[in-house]
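Down below is the structure, laid out as structure tokens.
Residue numbering begins at 1 within each chain, and the chains themselves are lettered A, B and C in the order written.
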Amino acid sequence: MSKPYTFVLIHGAWHTGDHWAPVAESLRADGHRVYTPTVAGFRESDPSVSHADGVDSIVQYIVDKDIQDFILVGHSFGGTIVSKVAEAVPDRIRRLVFWNAFVLESGKSINDESPPHYREMVQGGSSGGMFELPWEVWREAFLNDADHETAWRAYESLCATPVSMLEDKVELTKFYELIATGRLKASYLNCTEDTAMPHGEYAWHPRFSSRLGLCRIVQMPGSHEVIFTNPTALAGKMVEAGRD
Amino acid sequence: MSKPYTFVLIHGAWHTGDHWAPVAESLRADGHRVYTPTVAGFRESDPSVSHADGVDSIVQYIVDKDIQDFILVGHSFGGTIVSKVAEAVPDRIRRLVFWNAFVLESGKSINDESPPHYREMVQGGSSGGMFELPWEVWREAFLNDADHETAWRAYESLCATPVSMLEDKVELTKFYELIATGRLKASYLNCTEDTAMPHGEYAWHPRFSSRLGLCRIVQMPGSHEVIFTNPTALAGKMVEAGRD
Amino acid sequence: MSKPYTFVLIHGAWHTGDHWAPVAESLRADGHRVYTPTVAGFRESDPSVSHADGVDSIVQYIVDKDIQDFILVGHSFGGTIVSKVAEAVPDRIRRLVFWNAFVLESGKSINDESPPHYREMVQGGSSGGMFELPWEVWREAFLNDADHETAWRAYESLCATPVSMLEDKVELTKFYELIATGRLKASYLNCTEDTAMPHGEYAWHPRFSSRLGLCRIVQMPGSHEVIFTNPTALAGKMVEAGRD
């Protein structure tokens, strides 16, 4: 039993905060406090919401609830949100945890850091400024460790993502200063069967983790969506990644 | 318990279909149907058999038994066989599973895709058109996760491989069209301690798996020959790789 | 239960032979004989001791005790010691095991083979010819799989390392001849969460393991310092790596 921490969990694209429920339950059972806000633009599927709006919605949530001294976790797309939130409220954050998450170079977008076939998929497949992940990509590359029923039920629970969240460039100069000066501590949790970014040149780890300076690496078996297949183990690894 | 599937399992070099026995037993115990043919040239150690002959022997086997809607698994060298079998009978195949298997570039041979020290080993060590794997290579690089007795007993069960199987160039234009158009679905099962292809530049994964388009990646601990050290877990992972 | 072997275990930088105690206990419980000498310059924190002196101290220990037919294990820095010990007494050694250890190119030092930020850390942080590992590096990059208390207690048990051990160039021509001719057999044990060398370009494996010719690869989960977090599993993997 580790000491109790406060976690703020930021979801990935096509998800909302509700998807964290089994992870949050597991963390709370061990005595931790957990917040699972939804980034603006997701639950309501609003294409007019920019990446900056998404960041603001989370900063506002943290300030409104006056959450202090917390471990801020970002999954996948959520990594681009927590990097900006960290710039806004660095002194409230105990540690950042990137779980198979984007750590963008300053001035880059998610599309800029994705392999060509994903960029083409987003360009060709978005509609009305929103993008839904194709089933085949979800089943084979995102939730490769689930049986078919689990993968399908999870797919039906997804929402569309505003294309702005994937295309907006994110300025991160202050974030990298906070990392370089050690004012922000960061961990990277890597699921070893996560192929949402294909293994090799575009892999999550060490491509993104290596940008975090003296970063604690934690690994576990599982896919990009182990949130559906093993939320209890995921919660345990978040504690390993987030603890002092 | 997953729904029952039909598996056709194609062995690697120096093996015959008989080596699948404990894997097949485990799959059958879970209700699956399993076929384990031996590629022509192996059981009889016949150096006059070409790669094309080997492919034909498996196509004939499938047609003779009228096997339909099956998961076709290739291990190691067997990957070069299943790629060509898929060209011949694509509509019979539910999904391809490459288990630490060669996915050749069209027009290449196994030797072409192997590191220099293996090419030299085959050139220097073959006799009468057949090649036996040296014990030291088997023990250190193929069956690195077994104790000495298991490794030795397994070694004594091996057969020589016709050099043609390693040197014949394999034309795979149609195979790659079937993959690119999504008519063939493929998975890649990677054992994380498999050093039959050395980790790094020549590694099985992601070198070969990245050629399979939208491919499902499944991993498990173990060596290239986990068929001898953990056949039950291997069978379970084949279901994970092969299922819908 | 494997047959009983004799192990000589050589510690890494900032460690002494005493740190092996729980590993040695586990090996002895399985019937193995175990020696855990401390390399000269470590227990006494003597900056005037050269790398060659450290090697001599271990050769002398082996000759004095007339240890024969043993598995020689080197951890981290210890890899540079066992490579030279192997040159001195090759006929006494049954097998070499490098556990996340340096396999230097002939004529190189540990600093030469380390990433730039480590070289700068040693240059900027040494005092009186000795170098102590900073706590933050230890906690995040070396003992990333421990809780805070375990990491801190372990840190308090460390000693300073003579800078000579990190900067002295090590000539290994004979070692590589012994490897190339097969007179020395080698295994490499890689902990998959070991980020003391960062994953990627500077990773332990396959960077160092690939220099060992036909080398047996064994892997286990855990950090660079799994000696503190899972000594029993480590002992088991040493047997897997070291056995015939």
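Please note the rule applied: contacts are C-beta pairs under 8 Å (C-beta built on N, C-alpha and C of every residue); 3 or more make two chains touch, one makes a residue touch a chain.
Everything quoted here is computed from the prediction, not taken from an experiment.
Indicate the lowest number of steps between chain A and chain C, counting one step per move to a touching chain.
1
Rotation angle, chain B onto chain C: superpose the C-alpha atoms of these two copies and give the value as a multiple of 5 degrees.
Best-fit rotation on C-alpha atoms: 120 degrees.
Same or different for chain A and chain B, where same means more than half of the interface numbers show up on both copies?
Both copies, chain A as well as chain B, present different residues to each other, with under half of the numbers appearing on both sides.
Round to the nearest whole Å and give the separation of the Cα centres of chain A and chain B.
Inter-chain centre distance comes to 37 Å.
Can you list the chain B residues in contact with two or more other chains?
Counting only residues that touch two or more other chains, chain B contributes 192.
Residues of chain B touching chain A in their complex?
Answer in residue numbers: 2, 182, 185, 192, 205-206, 209-210, 214-219, 240, 243-244.
Would you pull the chain C residues touching chain A in the complex into a rising list?
Per the touch definition, chain C meets chain A at residues 136-137, 139-141, 144-145, 147-148, 192-193, 195, 198-200, 221.
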